[in-house]
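Okay, so chain A shows up in both of these, paired with chain B first and chain C after.
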Partner chain A sequence: MGLLFCIVTALFFPGIILRVKSIASGRKGPGIFQPWKNIWVLLQKGNVISATTSFIFQIAPAVYLCTVLCAGLLLPFPGFSPVFSFEGDFVLFAYLLALGKFFLIIGALDTGSSFEGMGANREALYSMLAEPAFFILFGTLALLTGHTSMVGIFDAFRFTGPDTFIVGFISAYLLVQIAMIENSRMPVDDPKTHLELTMIHEVMILDHSGFDLALVHIATALKFGFYGGLIANFLLPVDWSLPVQIISFFVIQVLFALLIGFLESFRARKKLAKNPQFVFTLSSIALVAFILVLMITYKMLG
Partner chain B sequence: MPSGMRYFYTLAVTCLAILITSVPAFNALLHPGNPTLVFEAGGLLGIVNVTIDSLSAFFILITNFAVLTGLLYSRGYLSPYRLTKSPAQLALHNFSFVWLHISMLGVLMLHDGIAFLIAWELMAVSSFMLILFEAEIRNTLKTAVNYLIQMHVGFFLLVIAFLICQSDTGLMSFEALQIYFSRHPSAPLFLLFFAGFGIKAGFIPLHTWLPEAHPAAPSHVSGVMSGVMIKMGIYGIIRVLTQVQSDFLVIGLTLLIVSSLTGLLGVMMAIVQHDLKKLLAYHSIENIGIIGIGIGLGVMGIGLNNPTLVMLGFTGGLLHALNHSLFKPLLFFSAGSVYKAYHTRNIEQLGGVIHKMPQTAGLFLLGALAICGLPPLNGFISEFLIYVGLVKGLSAGNAYQSIAFMCVLIALALIGGLAIFCFTKAFGVVFLGTERKTPKNEIKEATGDMLFPQYLIGSLMVLIGFVPVIFLKPITGIVHRYFQIDPTIPDGFYRIFSQISIIGVALILSVACILYLRKKIFQKRRIGQGPTWGCGYTAATARQQYTGTSYASNFGDLAQPILQQKEEFEPIGESEIFPGKRRYKIHPVDIFNTAINKITYICMLTLKKIARLQTGNIQHYILYAFIFILIIFFLLYLKVL
Partner chain C sequence: MEERKYIELTGNPVIMELSDIPVLEYQEFRQLIDDLLKNERAHCLTYFVYPQRDRRQFICCMGMDVKHTILVFSHEQAAMNGLLLESITQRHFCFHVFEREIHENYGIGFIGHPWLKPVRFPFDRADQSITMNAYPFYSIDGEELHEVGVGPIHAGVIEPGYFRFICHGENVLHLEIQLGYQHRGIERNFIAKSTLLQRAILAESIAGDTTIGHSMAFGGLMETLGDQPVSPQMSLERAIALELERIAAHIGDTAAICGDIAYQFGQVVNEALRTIVINTTQRWCGNRFGKGLIRPGGAHYPLTPEIKLLILKNLAEVEGRFTQITGRMFTMPSVLGRFEAIGTVTAQQAKTIGAVGMAARSCGLMRDIRWSHPFGAFRDIQVDPVALPSGDVWSRTMLRKLEVDRSIAMIREFLERHDCMGATETPTNNMPLRQNSFALSLTEGWRGEICHAAITGDRGELVHYKVKDPSFHNWMALALAVRNQEISDFPLCNKSYNLSYCGNDL
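For the complex of A and B:
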């Protein structure tokens, strides 16, 4: 059930971001459903497949989409129990997304294009560097709440005092940033750039066309929605009544999309060489949260 | 003896050894409550006990499987060598292979100190002979001798450790260690054992033999060495741990720190390698690190009196040992098939192998996914156990222990990410794209007798990935038996794995559905074929593809101080208006190797100075003896001696 909500909100995500960006830059811009219209057109089209590729190139988009969907099965939603939940399920969540990325990367290398190799390499590097931040964050929350499943963590996390507010704020910030990196948005990657040399995600899927490209776009939109769902779950207290929760869930999701739209409008992409430092910074911020939680749970300060 | 028959004799002897040991091993593993099986064998050393308990049984089964698949693979792999090698050389090779198997079984079944050390030594010598197979290559000889020397350093450490035990207790066996450990603090002697076994296992900084020896050996030998022989080190460490009585926190912390560094540095150095087998060898080091993290976590659990950590840590470590003994031989075998076809291990000269050898490529991909710990394969299950253990460990101890666990968690997350980075490189550059260099000979898919053992391994890996419970139950039995944890395993424990399996099945099914849908749709649509989009450039050649070096370069820059690369080139001078043809060479340097070379160089210098005493003049030697007697006399006089 919760998965459905996430998928529904994910449908609006790319459109909202696009709309916000166009408004912020003073353009008229396309409608909210334009990205899905594009995907629909792609689904109708035929494919052009590079002669140098093998079956890897053809299965990669399908695997990518399915890993995102399967990761969604683990996603909790306040008020509803997720399809699957067990201790340490966030490890599976992260690794399923990694599996999808693995296939997308080797799919790009399959074309033998130097541009796509470049994109694949960057994607592999940045997501590898972002991995510790995700694990530190969930380790920290597990330490704070005493639970190791996503449902347990989100249910047990409550804003009780100033210290938990700080942890909550840092965690929400980190989740937004990790979502931006994992989905190849600013400031690490610019989805709207038009030079292959500076692309990351876009250049990786350069040779995919038609149905396959549509699959990749759908998966990316869903992934964004799922990360948004994760953030909404984290922020929503469980003791609110169900309708209120559902409404605030949608509000948070829309706010998340608006936020990303604004961030992308007023933020420049970083120099590629500076990206690793930026991604590492997230891990250090996560470590700050960890130290803070250590203080809360062990009273290191007094 | 006809050369074809020789192989079958070897196979027969190996199968016999497998049969004799596997039956009691299965028995010991499935009924851990039964008293351990002990045979008394007479011999030169008097009576030696041959013991099969559930811990040795676990490793015996791993060893038997890996040796069997290695031997099956070797038939096809060695076929070109039948023309170039003399029958005696091949016979020696097979003989050493059988002895490696028997000595490993000996290591696992003998608990008596001397007998164990003899088996350990036999293992080193037989594997030395196996590495020497291509001794006509000068580098192989050097590597093999280096290997033999390093193994003897380890052997020496083990002898000292056993002797310390004997001088105290009068006994020299693993069981006697318990007596020693109950009288003395455990950490110092354990660390001595750890160093001795660690050289075999390849813990950093004791690993320098490993990335040299594995590529030098024939692929089936590399597979067996990497898959099971280095696990003998892990077995030794666990065997000693079962006897340890105190200092658990110190030992656990040391294991965690050393293992995290081993894992991290191993995978980092793997990324910059150009030699496919060397890359895999560095990954063995990484995986030993992961196994070590599991064991360290378990030991911390004993120290913190936390049965959950003990179970998750040791179960994860042991399962990862099993997993690694499957996917690493698989990777070495498929890499060996590529080497056999292309006669090069340099990944910069390969490319597009998947078009010529699709089955080998598929098998390598399977191994790559598993070694990266990606679901739904077996590597994920063991890494998952260790992850959960670490996260639970965060709240188990005091603040400092939490920080330690957090550091290990970061290390493990980085190892996972780096492994994906490394294997997308290895698989992508070697198997995908187009050929970077046209091979001289025609390339054919590996023969059935080389593929069969790989499929065998692959199916077992998939089985562990989807039905882990049947493997987890015996392993938790071992952990329960040796580390006295509460036998009641938490209720939801096995249910977790059934949920993971369901998600795995859902993943496979959904992929199948989408691909079926895609096929249906494609039947109606126009599917064009064209060249790869070159961003407007239409004359792209294979040489413009991303190479392994370029793929690794941005990471290499990031990890500069640790990953040093040696560049050899002649810079273009200012007066050179039309630069001529140039060569550029780059190869990764293992900083630990450099450090060890530096130390040995200093030792050699000092020893050379001392060697001046060796004049060859008999009068001088008499003088030395006289001086020696004088010194002894004075010392006695001064009552120092």
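For the complex of A and C:
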């Protein structure tokens, strides 16, 4: 259920961001499905594979897409269990995505290009720094709700009093920021740039072409949809009726895409050297939430 | 005694008999340069070889910024291969690129020059064995260092240039810039093309974004050599065109800088404003970059009252909107974080490398030909150039904003003085040039000082032509700006200078 809706989201997600940015800059912009039309064109094309690469480079896009899809199987929908669910499944979710990223990174290193090496290095660094934030956040939520599976956490979390509102607000903020970092959006990365030296994600896939490139684009769009799904899951309560839930799920997703589009239109990107600092602050914010929950549950200062 | 060493000329453009250029002994020549460059407000305009049958005359022109004069002096050497001279660069680094050029073209060695690398690989270079693919890059050995090569095809598919970085992690230790891919033989073509019209078109194509700057320098030079000065009204029109070009280029660059820091709003607003300015030029002369507007002797497109009104109307709009967007830009923390203390070049560095124009003014070094060697209509107005001391990307972007404001004010002043009678002179194709003369013309294009020099022969024909675009000096500033910076800031630094590839390569 969750997977299905997230895939539907992923269909229009990149298009909305693109359209918002276009409109904010005074242009009409392409249709919502233009990114997918581009992917369709790429799918019909052949690959150009550099002679210096090994099989790693060729399997990387497929592995990347697979891991993202597998991670999607763990994604719940409010009130519905995902395909797989078990205690601590969020760890698997995070590391499945990390595995895909790992393959993309070694695929980039495989080309031997100095650009891709730099991009891989940056991507690895930011993912590594964002990881503690993600786990502290889920640890906090697990502590608060007493569940350790994603479906358990999301079902048990309710906005009941001021304390949960604070935790909820911090968590939603963190989830949005982590999603932006993991999906290489601003302010950490600039998906629009044509300058290899400033790229992060884009430069890693510089050597991929045709079908492989399409796989990477599909995986990236899905990943974005999944993170959006995670946020919607977190915010939506279980006890609403199904149609209301579905509508509000998509409303949240669209709002998320609009937010990203606007943020990217009206601000500048961060200086690359300041990025690690920025990413790391997310972990400290997560720690604040963690301590807060310790106090709420009387495990500290109790 | 002093009189004999050099000829001091006032005005701009200047002209003199070729035989009047003092010829010094090389030792004396070097000593003179030492003496002159002790004065901080002197800088080398151009230094080139005029080859004759059995000898080569090395002509050097020095600009005195405060006295508003140009000094001309030279030395002569026999035309033989393998000539070795003591390098001037070892004491005055700003000569490095001139000596490299001379070395490349004539095979003259300079003892003590740090590295006589090729500049642009001309077809008739002295050493045919060197090729573009075997450029002698500087390299540093080290376990932790890596090299990154960018180009020669630019990521934005603009002009070609090759950049080789030596990096320690994300930090740049050294950047070397290899140019020459755009070499078209402009200087030779000036001699080869016989009609004035052909040459005027050639001058317009030296650097497409500085069409007016270069064609003004060329026009001034020809009119001086042909002894047919244009009317004050014509000069006003040219000055207006030059300032329009400056405004358009500066606003366009501001847009590009915003693009590089991913500030989409600033980018699109400035792009739209640039379009208004270049479209104004188009309405005036039919070309957005001002091609065909400035021709020796006059203009095909007089400044009519309608054009005047259009310029005033568009400038008012551009001024308002540009003030608004820059006000927003320069107060936005995320933008300032990408501008401040990035790509810093000190005033001392700028002086050492002989930076000119914007690159110099953004480091607090006041170099502006409109002020130091005023030409045309700039003689009659008060030009007070802007200079900012910090030398970083912020300073270069802010300088653009301030210069746009000044240029708008200047155009208004020029337009007030212009009567718009439409009775200006038309271009001529027949302009006999004075024989055996040397002439030099300077203009301040939007990048900086543009220098054209010409020498005529016995029948008044062109025998030598020399062009110097500001980028010729300023590329070095970019190489210095990115030192100890992050490699990811290179595109931003590059854009903040926006130097010309083809102006350098000729």
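The rule is simple: the second predicted complex is superposed on the first by the 298 of 302 C-alpha atoms of A that agree within 3 Å, B and C clash if a C-alpha of one lies under 4 Å from a C-alpha of the other, contacts with A are read in each partner's own complex, and residues count from 1 in each chain.
Simple rule for what comes next: a residue touches a chain if its C-beta (ideal position, glycine included) is under 8 Å from a C-beta of that chain, and two chains touch if they have at least 3 such contacts.
Fair warning: this is a prediction, and the values are worked out from it, not measured in the lab.
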| item | value |
| --- | --- |
| Comparing the two partners chain B and chain C, which touches a greater set of residues in chain A | B |
| First, second, both or neither for A:164, with chain B first and chain C second | neither |
| Which superposed partner A:118 touches (first chain B, second chain C, both, neither) | both |
| Touching partner for A:50 - first (chain B), second (chain C), both, neither | first |
| First, second, both or neither for A:276, with chain B first and chain C second | first |
| Which superposed partner A:38 touches (first chain B, second chain C, both, neither) | neither |
| Which superposed partner A:267 touches (first chain B, second chain C, both, neither) | second |
| Touching partner for A:248 - first (chain B), second (chain C), both, neither | neither |
| First (chain B), second (chain C), both or neither touched by A:196 | both |
| Chain A residues contacted in one complex by chain B, in the other by chain C | 114-115, 117-118, 196 |
| Contacting residues of chain A [partner chain B, same complex] | 45-56, 58-59, 62-63, 65-67, 69-70, 73-74, 84, 86-88, 91-92, 95-96, 98-99, 101-102, 105-106, 109-118, 120-122, 124-125, 127-129, 131-132, 134-136, 138-139, 142-143, 146, 148, 196, 206-207, 210-212, 215, 276, 283, 287, 290, 294, 297-298, 300 |
| Complex interface listing, chain A residues touching chain C | 21, 24-27, 114-115, 117-118, 186-187, 190, 192-198, 264-274 |
| Contact footprint of chain A on chain B as seen in their complex | 351-352, 354-355, 358, 361, 365, 369, 372-375, 380, 383-384, 387-388, 390-392, 394-395, 398-399, 402-403, 406, 409-410, 412-414, 416-418, 420-421, 423-425, 427-429, 432-434, 492, 495-496, 499-500, 502-503, 506-507, 510-511, 514-515, 518, 521-522, 525-535, 540, 542, 544-546, 550-551, 554-555, 558 |
| In the complex, chain C residues that touch chain A | 146-150, 155-156, 170, 258, 260-268, 272, 332, 334-335, 337-338, 342, 486-492 |
